[in-house]
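You will see two complexes here that share chain A, one where it goes with chain B and one where it goes with chain C.
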Partner chain A sequence: MSTKVLIVDDEVEFASTLAERLALRNYDVKAVYNAEDAITDAQSDPPDVVLLDLRMPGIGGLEVLKILKKFDPSIEVILVTGQPETEGSGEGIPTGLFDYIMKPVDMGELILKINNADQKRKLSRHS
Partner chain B sequence: MNIRDKLFLGFSLYILLATIFAFFSYQEIRTVTTRLAYVEVVDDINNNVLEVRRTEKNFFLFKNEESLKEMQEYLSALKKDIDGITVEIIKAMEPADYNMMKTAITEYEHYVDNLGNNFKSQEKLVDMIRTAGKQIEKGLSGKEKNEFYILRRYEKNIMLYKDLKEYEAFKSLNLGGNKEIEKYRILVFDLYKIYKDEKNLEDKTRLKAREIQSFTEKLSKKEREHMNLQLKRMAKLPLFGLLTIIVLGTIINIQFSRNIANPIKKLEEITKKIAMGDFSETIEVKGKDEIASLGMSFNQMEKTIRDSKSALQNAVEVAVTNCNEKQAQLIATEKLAILGLFAAGVAHEINNPLAIINEKAGLMKDILEMSEDFQHKTRFLNLLDAIFESINRCRTVTHRILGFARKTEVSIEILDLNDIIKGVTVFLEKEILYKNIRLELNLKKNLPEVRSDKGQLQQVFLNIIKNAIDAVDNGGLVAVSTDLKDGNMAKVSIKDNGHGISGENMKRIFEPFFTTKGTGKGTGIGLSITYGIVKNLGGNILLESEGDKGTTFIVEIPTNSELAKGQVA
Partner chain C sequence: MEYEELIASQLSFIGKVLSVFSHDINNHLAILKESAGLIGDLIEFGKTSSRKDLKEILKITQSIKNQIEQATYFCDKLNGFGHGMEKPLSTFNIHECIEELMVLLNRFINQKMIRIEKDFTANMPLIYSNPLKVQFLMFCLVEKHLKRLDKNSRIIIKTVYANDSIGITIIPQGNLIETDEKLTCDEESYNHIIKQLGVNISHKTAEETTIILPVSLSSGSNRS
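And then the complex of A and B:
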């Protein structure tokens, strides 16, 4: 069973292309383009790993992270962002975050991180 | 001597001078009074002497009891006058004069007494002669009687003229034999003898009287001369006293005024100079009075002002220097902040399209790899790799910029630096594991809390520790320690055993876009932004490097109490 990946990014071209590429690599990928859709989607069909953009109109990435972790703490979130940590939040490195990856994304690195996250999720589910 | 004493002395001198002259004037007046009494006495004596002389003449002229009595009365009054002279006056007229005068008067009195006796003897003898004459005339007759008449005529002439010629004539007419006539003749001889004595006494009396008169006149004259001199002197005394007081007083006044006024004038001059900022002169302190004390206090005050002024100048210079440094730092920080914001904006705008290019090119590559071979497939793949290479170069730049672009707003909270260090190292765990780095944490217990921005501090330490990780080889050492410096700064040292930084590079390490990493690996922005953040948080960032033994970054952040003073305004 392939890993379920949910891409959340308001940059449609980026999200859709990345989804296509991950799909080529046998991931069960879905891309949404705003926070609300991400929450609805994750709740109806919980993903294993979420690739989350930080800067989005409306509810921001951090809020989405909090809601998702509350809904299912085993969902691992990788922040896909322009910078390595919290931008303008004043709160430092967000809690519950598995990892981050910077745009433009290096596919090898991303796959490594997704797999690590998936593995962690699987381990936490077993325990 | 103090000013009060000086003034007192000045007035006292005046009073003393006035007293001295008053004393002399009193003495003079007393002398004059005594002299006046003396003059009066001398005048009285003089008058009595004149009276005595007048009665003396009367007596000589009339030769009667009455004038003798009168003369004796005046003489007794004169004696009374002489005896009544006080000791004071005797002293004033000189005792020798007094004694001479007294002796003269006693002698005169004696002469007068003798004259009185002589007069009485004359009267008695005249009576006896006349009685004897008449008796003899009765017993005579004829020629004898006529001859006796001649004798009697001579007798009368003797009584009338008291003259030697008459006496010789009387003596030469010797009628002889008659015992009665002989007795009579002896009586006349005796009378003539008394007359002679009288003449002699009269001469002596006159002489003595003249002596006394001239003596008293001389005394009176002398005394008047004395009085005149005395009065002249007395008239001069007030003038002399006044002149002395004016001259001496003026000299004393000038001297005292100089003594008091000159130092005050000097004080005024120096005060004016000080007011103009000239501290070159001090007051010369002389004596021990209030002026000297004032001078000493003034000099002390001048010194204090001078010292304070120079201390103030120094303080102002230091403050200005500090201010200039701070301003320069602020300008540098500000420049960095603007540059950071600008760069972050640019990087963000570039990064998103770059991400899309990357994905699109990636998808192209994916598709190409899945496709069968066609004519230019290898060429396309190579071209795509070239695109990826360029994307990677761009990514390095934008990631650096975005990663370290600082926030302009500072969000302050109470923080434990040790917790922040721990959080950052946890975040870097994967890289540490990947390079098999030995991480040592020496975090001081009970490190005072800091009031600072958590996100910015994380950024600072993330950057520096990441740099340290980059600087060491696989299996290298990174040591992070915290400590307290000077009681008001929390100090974080990040030490690595990498290749170190050369002296030349150390000078430029915080400059924007300065990097020692190879092309495409470093942007030269991280450390300059880190520097800006630390300075903005009121801290310091220092660098120590000993050639190839590694590098130590030291970050100092003010503790809670210290920071509260200024930075968070």
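And then the complex of A and C:
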């Protein structure tokens, strides 16, 4: 079964193009463009891995991370950020975060991180 | 001490503009990289044989062109902002000066989910002043409202010309929220910059502020 990936980014073109590229690599991908849709979508059809933009209008990425982990702690979240660190939290590594990746994204690195996150999710669901 | 605080506030303002700019440019580059990557993928996965595939590739190349145009426009605005810092005084169009600042801060404003609306008067004369300081003052006035207004509010920037002066009115509209967020521009820096620019301030209401900017600032009055 394909890994279910949810991309959350207010940059519509970035999210949709990345979704298309991952779909070509046989991931089951969906892209949403705001935090509210991400929360609704993840609750109705839980993904294995979420690629989450840190800075979005309204509810930011870190808040979405908290909500998703509260709903299903096994969902793995990778922050996609333009900053060299997970800025904005001011409290070190945000709780529940699997990893982060820098924009512009390196496809090889992203696939590796998605696969590692998916593996961790599968292990935590079996334990 | 007062002067040091002003410099710190101005540096913080310039830092804000640069960080928003670099974040935005990085996003454009990220989209360009994904678009180019997608064309490479389509070739690699053999999805280039049908008319539909070729149309898809044409669509992506058009998107690349659009991204480059948007990024160029944005770079032009930073270029103008940079040139404004080169000389203490220059001749410029106040509308272009405000527009430049709003474009550069667009992402910051969008994140607050607040709309900026311009109500600019036609045939505004050029002014001789310090564009960076004018932009800093505009930022101080707008930032205050950005932090205190709830989402889906709006800020109207209105300009008028009369008696060799330019009036810029900032009108916030929307619900207020409680906030303890620190402002980039403190009270002392704000008063200092007003003095430096020879600006008069008037308040129609507690929230609505009008700054009266002289069309020509003598070089002497620009000194701190």
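Here, the second predicted complex is superposed on the first by the 126 of 127 C-alpha atoms of A that agree within 3 Å, B and C clash if a C-alpha of one lies under 4 Å from a C-alpha of the other, contacts with A are read in each partner's own complex, and residues count from 1 in each chain.
Keep this in mind: a contact is a pair of C-beta atoms (placed from the backbone, for glycine too) under 8 Å apart; a residue touches a chain by one contact, two chains touch by 3 or more.
Just so it is clear, the model here is predicted, and its values are computed rather than measured.
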Once chain A from each complex is brought into register, does chain C clash with chain B or fit beside it?
-> clash
Residues of chain A touched, compared between chain B and chain C (which is higher) | B
Thinking of the overlay built on chain A, is A:Arg21 touched by chain B (first), by chain C (second), by both, or by neither?
-> both
For A:Gly58, is the partner it touches chain B (first), chain C (second), both, or none of the two (neither)?
-> second
First (chain B), second (chain C), both or neither touched by A:Gly108 | neither
Mind working out whether A:Gly82 is in touch with chain B, chain C, both or neither, as first, second, both or neither?
-> both
After superposing on chain A, check 22-30, 76-84 or 148-156 and name the one in chain C that bumps into chain B.
-> 22-30
Intersection of the chain A residues that touch chain B with those that touch chain C = 11, 13-14, 17-18, 20-21, 24, 82-83, 103-105, 107
What does chain A use to touch chain B in their complex?
-> 11, 13-14, 17-18, 20-21, 24, 82-86, 88-93, 99, 102-105, 107
Counting only contacts in the complex, chain B reaches chain A at residues 347-348, 351-352, 354-360, 362-363, 366, 370, 391, 394-395, 398-399, 402-403, 405, 407, 411, 423, 427, 430, 453-455, 458-459, 462
How about chain A: which of its residues touch chain C in the complex?
-> 11, 13-14, 17-18, 20-21, 24, 55-58, 82-83, 103-105, 107
Residues of chain C touching chain A in their complex?
-> 22-23, 26-27, 29-35, 37-38, 41-42, 45, 47, 60, 63, 67, 110-113, 151
